[in-house]
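Each chain carries a letter (A, B, C, D and E) given by its place in the written order, and its residues are counted from 1.
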Amino acid sequence: MSLETFQQLNWSIMTPEFIILGVIAVLVLCDLFMPKTLDRKILGWVGIAAVFAAMAATAAMVGGPVQSILHDTFRIDSFSLAFKLLLLCGGVLVLFLAVSYEPKDGVERYQAEFYYLFLAALLGAMVMTSSGDLITLYIGLELLSITSYILAGIRKFHLQSNESAMKYVINGGISTAITLFGMSYVYGLTGTTNLLEMANKLVTLANSNHVYLLTLAFLMLVVGLAFKLAAAPFHMWAPDVYQGAPTPVTAFLSVVSKIAGFVILIRILLTVFGFAATKGQGSMPILYDMQNYLAVIAAATMIIGNVVALRQTDIKRMFAYSSIAHAGYLLVALTSLTTNMFDSIWFYLLAYLLMNLGAFAIIQVITEKAGGTAIADFAGLYRRAPVLAVAMGILLISLAGFPGTAGFIGKLNIFLGAFYAEPAHYVLASIMIATTVVSYFYYFGVMTQMFFRPPADDSKLNIPFGILVVLIVAVVGSILLGIMPNIAFDFMQNNLDIIGDFFK
Amino acid sequence: MSSVPASAFLALALILFCIGLYGALTKRNTVIVLISIELMLNAVNINLVTFSKYGVSPSINGQVFALFAMAVAAAEAAVGLAILMALYRNKKTVHIDEMNEMKH
Amino acid sequence: MTFSGEFFAFMALALVAIIGGVLLLNLNKVVHMVVALIFTFVSIAGIYILLSAEFVAAVQVLIYSGAITIIMLFGIMLTKPYDESEATTGKWRKILVFLGVLGFAFAVYLGIYHLDIQQVPTTLHEDNTLQIGKALYSKYIIPFEFVSVLLLVALIGAIILAKREDKEGDKE
Amino acid sequence: MENAWLIPLFPLLSFLLLLLIGKRLREASAYVGILLTLASLVFSILVLFERFSEPTYMAKVNWLTIGEVHLTAGFEVNQLNALMLFIVSLVSFLVHTYSKGYMQGDERFHVFYAYLGLFTFAMLGLVISPNILQTYIFWELVGVGSFLLIGFYFYKEEAKAAAKKAFIMTRIGDVGLFIGMILLFWQTQSFEYSEIFKAVEAGSVSNTMITLTAILIFIGAIGKSGQFPLHTWLPDAMEGPTPVSALIHAATMVAAGVYLVAALFPLFLASKTALLTVAVIGGFTAIFAASIGLVQTDIKRVLAYSTVSQLGYMMLALGCGGYVAGVFHLMTHAFFKALLFLAAGSVIHAVHTQNIEEMGGLWKKLKLTAPLFLIGTLAISGVPGLSGFFSKDEILVAAWEGGHPVLFLLALIAAFMTAFYMFRLFFMVFTGDARSEQRDVNESPSVMTLPMVLLGILAVVAGYINTPWFGSFLGDWLVDGNPILGAAHIEGPAWIMIAATVVSLAGILFAYFIYGKRSIAPDWLSGKGDMLHTVVSNKYYIDEFYQMTVVAIVTGFSYFLRLIDTFLVEGIVKGVVGFVQGLGRTGAKMQSGQVQTYGAVAFLGLAVLAVIYALTGGYLR
Amino acid sequence: MNLQSILSILVFSPLLGIIVLAMLPKTQEKAIKAVGFLATLPPLILSFAVYAHFLAGKSLSDFSVSVPWIQFHGINAQEPIFSVSYELAVSGFQLVLVVLTSVVSTLAAIGAVTFIKKEWKGYFMLFLLLVTGMLGVFTAENLILFFIFFEVTLIPTFFLIGKWGYFEKEKAAYSFLIYNGLGSAVLLIVIMILFAKTGTTNIELLKEIVGDPSGPLSADFKLGLFIALLVAFGVKLPIFPLHSWMLRVHVQAPPSVVMIHSGILLKIGAYGLIRFGMGIFPNQFEKLATLIAILGLINLLYGAFLAFIQTDFKMVLAYSSISHMGIVLIGLAAMNEAGIQGAIFQVVSHGLISALLFFLVGVLYERTETSLIDNLGGLAKGMPLAAGFLLAGALGSLGLPGMSGFVSEFMAFLGLFKVQPWIAAVGTIGIIMTAAYLLRAVLGMTYGRAHREFDGVLDLRGVELVPVVVLMLLIVLIGVYPSVLSSPLQATLETIMLGLGG
């Protein structure tokens, strides 16, 4: 490729990535040359600014045409923009948490690394959103994963953190291998790594043998990527890792990483398997053929997540199970395969992002203060810090999916899709609703602690600025989207045409 | 053409993948577990390279993919080992079944 | 299927690779396991050559047989493994995993065994490295660059995690 | 007559006033009650006299709309209603007056008057109702009034039990009325008496339905009027203050059952079976209760069983087609039984006991009460010349002419028994020597005796408005314009009257010999260990029977349901919860902290999915 | 003021109180109580204003408001059919319940001043939220909005029970939450299926679509949906065997909450059955009428028999609620004007009576620290007013004419006797049993000998008299002049009958 063609490429569409990349480089250098005594927190604020800038750059592209460079290895379409915005939102909130993170034997020494590793992970996730190529997707995925491994273990003098990172890396490695194994078959049966080309080739697929192998690859991909979603059967790492990892990292894993997982899953599943025919052109695509398998996975995820969460006494573990459950809900939307699936997944992820990050902000405050992560540490929070308790209450209610909150509208949207689909997924949706009711138990268990129990100590809690920002955004956002969801719906409707990305 | 059918290569990859998987899921020593994972990735690479030559419309892409996979695998191995080091300092064990500080 | 040299080469390499793998599972000493695996890695490199991927084969030798094996050995040395104690858990898990592996292999093998892909002549062996280079630097430039970020991050991460330092180290 | 609706409202006003300000008025509450009931009485008398000359008046307003159906409320003044208005307001007025003396000094004096007001309101409302629904409404309210007054001495366990029993027993009957009323509504599309009669006459209601509804309604009457088998509450109701017994449990409320049957008489006439049922129940109750009355030792209980028995008489009359006889006896009974109760109250007031075995020789001490009591006793015994004689005679004639010789015989025996136990009572209380120490026995104040005097007069003369000798004025008036109700006067053979006289005199003589002269030892009537005596004095063990059957079954069933509630309902819930929690426990247990297990689970998941796919959907398809 | 905004103000005005409360410091007890009480007044005044508007002969549809709210885009091409509007309206039936709600709420707020001993601020904030939820439930004009308000009532109730209740309050709060959660889950399934299949949740539109035999729903499917609906509201009502949560709540929750709970929240079940069960699925209702009648019968007798052997007066009342809700079912199962009107009357009547009784039990408990019948006795001596009202309330509850209970019971049975005379006849056993258990309990507490001395027990006094007297007056008013209630209902009844006839 000559320099000329190189320059002709429309690199501007990568602006958000470049911003993040540049800031990573700047932070690395700053960290090197800044005096050891200087507080690294400033770097965190720089990181936050960078994410905001990237967000602005992304938002500027909203509504624009689909653009891609270099054989779709980088691609800007509505899908990528929508989810990239989500990721950036999640990223910035996580960074706010990170700058307020000051536990005992924490990450003082590696504060700067802490920030730019977050940015790198975010970058990986962003790459995943805007790629139409298997290799780029894979690299993005791994960039995210490997950075996450490091982040999980960054409290290196903390045994739980080490163990968490170890478990994460081992499970991650296995999942990567399985995913890649699946990818290799997909590549082999199409001869290309470009997703759109794959779709073009597979749309006429009739060889039953190929279909068989491709379907196996489908299963491998789904199970492998389930790791990122923390969905069954690849969910078991989540509680241990969430518990041991530093709280902002847990927040990151439960939100940004999960969003990224959905991004890649949807991208591959819909583009490749949504077109790969089973019996020649015009026959049912593999994806639809395998709907029941997805449904089983979704159901298992919801049941496991919600039921096992009942037994938890550790708040972070409980939230791990809760996040498993939420992955299950999202899989319901994916399984139903209706045209509003993107809207509902996107909206639900947005709602989930707000409520989960908000909750983690409070968890971070409490666990830092208490030095442990037991749910019992929340006892009497209402006495100690009524505002925090009420905020947590609202977020929990949103997580439980009560009306008036974003969580409810999100669930409503998913139900709508599940019932609208032909054939309608009555059983799946019913499982979802039933397990939601089960989830009341543990969400309200936290409430019980906060509101009904007397506090162990009456010391007041101080809320750092970063936490405050996250809380305000989360609570206001949760309620606003619960009461006026059309803010988000209309944004999607008017500016983005995700269905067009996949089916036009 | 080739006297060795593509399926032979694929079968080899499958066998190695399974060996790696079995190792990763049963070996006690964490280093071996990490190595087993590398073996799995190797198996994948065999697949990729095989398909690069014998796949439906062969192309160089498979080989490139394999190279990427190797790079990533190396990074992953390094990070995994680093984490093991950190853990070892705190826990003085490399036995994976003793890493059960957090459970239930 | 003709019994060509290629066939024998394949058989030999495959055998070594699998034996290496099996040894990995069955040897007792950790160092031995790693060494057994070196055989596998090297024979895989041979397989690559059979598949007209000379560059990949070279990289395979360098990265796997070289780099990765070495750092793993370092890892073993640094951590002083005691492998004499028997695992306390996992009898059932082994059996289940074994059955699972069998089932999975069976399912996938069904697919592979009957796989018939029309073979087309390729030019992969001609200027293999050049072809790869071209692809890497034109089509795959973006992932390539991101790999560099990835490696950087992994580097930094590995350092900060593995660096030996005292807990109270720099507070003085 | 247009203003007859005001009659019930005076006592209601009394009730409300006393409820609100009674506490401040204290003893003056009595005047509120007395004056307002007097107003009712005056209006009632006016209405009664107006009704002699004018036709039935009826007015109604819309009360409740159900779709197309408009239920009304209103009032009707027909002969029966006007008569009942008069009786009720008169007795109520007298009891109000009497109570001023009787209840003197009670700290809840005003409450008593309030309750009396409520009861009087309800009773008056009951008797002017133009439709059965309204009747039912007041029917229940009357029950509440009775309930409250029985339980007036709420701190007494017996009063509590009696009040509860009264309410529940009558409610059992009320449900019969309730069902009957509703069934009747769906048959005739109306609750109005006139519409119902029209429909029945027109034959638009099947015979079975008429019988069924009539009997159901009669069940209501059974409950209210203390007929067998729902009679047990009435004797227990004597736990209430005595004026209450006089008003409610002698003169008015218990007679409501009779009134109801009378008011719905055309319906009953349309069904032979229903009429027969009424007659048989009435006849049986008459003798049954009388037999219990023979051995009771509590003065009020004797009177109570006598009431039950007399009500049975009335029912018998109605059941035999003797409309006039029934209503006539209802009236006379109201007077003499109220008199008896008030006199008994006066006695109790004087000696502070109700046990007749502890009384005696009071004739000299209670100069006014004793003769009045004697008048009452003579009247109820059917001694010629007094009111009871005439009405009882009418009934006997009705029974004989109605073609029920067995019932006639029963009635005759009952009449004998009545005479006997009433005079047993009289002799034991007023003659002989004092059986226990009685100090300070004084005649009651005039506020108590005056009502008694008035009632005494009525007990003597009331019979003369409907006699075979001087013309059946009452009967003529009652059936005027309603030939369906039967003859104004049933001519019977003369021997019936003689027989009745003989029987009652025999009873009196018999009692005189045993209790007055003591020439016959009463042993066989009070003998210990005599089985018959034991059975009778325990009221045939009816209460015990109910306790052992109905109450036990209900309680047992309740406990059985409790078992279901605790084990089945809660058990299922616990099971589900347990299952979910068990699932959670298993899930948490699997989370063993072993990272390889996690990977194994994930991979096994994949393997299972793959194998399932391979075996079902995939390759072997 | 714009008539259309009145309902919104009516529903959301208590939220204003929440905001004011939030700004008050915790220590300002008096102000908090005052605000808590005052915030219930706007709905009260407005609801009476609406009632007056109706009495003036003007149409209730003047108040209907419909504003586009949520559009679920993207689900199908012909946009935007999947939309939910913010729709509030009152029909006569709804109006009656709104008035009931606002009255009971105000009285419960007064009750709270007596019964709640701690943390008034939190209490009143949650209480006002609950009031908003309840008012919203009765005015919502589409299913989603209804569901939202329905769930909004869950959360405050959970906290009100769990924080301010008695000994086993948390268990009670949880069983409330889970049962009702499951109930609302089933409801949500029904709502979403209807929404997904028909594209609307507007009740009036749904009536047409579901009623149309050639509509998008098959007959079996509709039957299934109706059964689900029955279960959903059956939890709330509650119908046997879904009742056990309600017992716990009634025993453990603070009296002022039980007033609301028993008085109004349970009525949501009945409201839902009438409005949606009968309104949207009339034919299905007809098909299952016998089943519903039997369920009603079971409820009626089951509650009555179990109430007969309870030792705790609160339990008596709780089972009595079950029994009385049986009458609602019986009335509905009659499927005629009398029955349905009876059911609605029962809803209102039981709302008032149970509020009264639970208030009185609360007072008794305050004074004597027990509600066990055997521990009490002879209370009429020490607290004649309380005992008197208790007795009056019990009489009202057992269906004494002249009070509201009778009218409803009478109409319900009147209706059922026309269609199911045998079931109705068996049901009348319930009438007897009601008298038996209520008198047993009430007389056991107030009459007879005192089982222990209650020294210095105070009678009802001061502000406590307000709820008691007001409720009693309303009970008597409806009993004596039922037209106050029946006249707004006629239009609703006609609509329902039209649905049933078609």
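The rule is simple: contacts are C-beta pairs under 8 Å (C-beta built on N, C-alpha and C of every residue); 3 or more make two chains touch, one makes a residue touch a chain.
Fair warning: this is a prediction, and the values are worked out from it, not measured in the lab.
Minimum number of contact steps separating chain B from chain C: 1.
Hopping across touching chains, the smallest step count from chain B to chain E is 2.
Among the remaining chains, the Cα-based centre furthest from that of chain A is the centre of D.
With respect to chain E, maximal separation of chain centres occurs for C (centres as means of Cα atoms). Central chain by Cα centroid: E, whose mean Cα position is closest to the mean of all protein Cα atoms.
No other pair of chains has as many C-beta pairs in contact as B-C. Centres computed as Cα averages put chain A at a distance of 78 Å from chain D. Chain E has its Cα centroid 69 Å from the Cα centroid of chain C. We define each chain's centre as the mean of its Cα atoms; on that basis chain A and chain E are separated by 43 Å. Centre-to-centre, using mean CA coordinates, chain D is 37 Å away from chain E.
Residue positions 89-90, 93, 97, 101, 104, 107-108, 110-112, 115, 117, 140, 143, 147, 150, 154, 157-158, 161 of chain C each touch two or more of the other chains. Shared interface positions of chain A, i.e. residues touching 2 or more other chains, are given as 135, 138-139, 142, 146, 149-150, 153, 156-157, 165-167, 170, 174, 188-189, 210, 212, 216, 239-240, 311.
Touching two or more other chains at once are residues 20-21, 24-26, 33-34, 50, 55-58, 61, 64, 68, 72, 75-76, 79, 82-84, 86, 89, 96-97, 99, 101-104 of chain B.
Applying the touch criterion to all chain pairs gives A-B, A-C, A-D, A-E, B-C, B-D, C-D, D-E. Remark: chain B residues 17, 20-21, 24-25, 30, 33-34, 37, 40-41, 43-44, 47-48, 50-51, 55-59, 61-62, 64-65, 68-69, 72, 75-76, 79-80, 82-84, 86-87, 89-91, 96, 99, 101-104 touch chain A in the complex.
Contacts from chain A toward chain C in the complex involve residues 1, 21, 24, 28, 36, 69-71, 73-74, 105, 109-110, 113, 117, 120, 123-124, 127, 133, 135-136, 138-140, 142-143, 146-147, 149-150, 153-154, 156-157, 165, 188-189, 209-210, 212-213, 216. Chain contact summary for the complex, chain D toward chain A: residues 580-581, 583-585, 587-588, 590-591, 593, 595-599, 601-606, 609-610, 613-614, 617-619, 621.
Within the complex, the chain C residues that touch chain B are 1-4, 6-7, 10, 14, 17-18, 21-22, 24-25, 30, 33-34, 37, 40-41, 44, 47-48, 50-53, 55-56, 59-60, 63-64, 67-68, 71-72, 74-76, 78-79, 81, 83, 85, 87-90, 93-94, 97-98, 101, 104-105, 108-109, 112-113, 115, 117-122, 124, 128, 131-132, 135-136, 140, 143-144, 147, 150-151, 154-155, 157-159, 161-162, 164.
Of all residues in chain E, those touching chain D in their complex are 240-241, 243-244, 302, 305-306, 308-309, 336-338, 341, 378, 380-381, 395, 400-402, 406-407, 410-411, 413-414, 417-418, 421, 424-425, 428-429, 431-433, 435-436, 439-440, 443, 446-450, 481-483, 486-487, 490, 493-494, 497.
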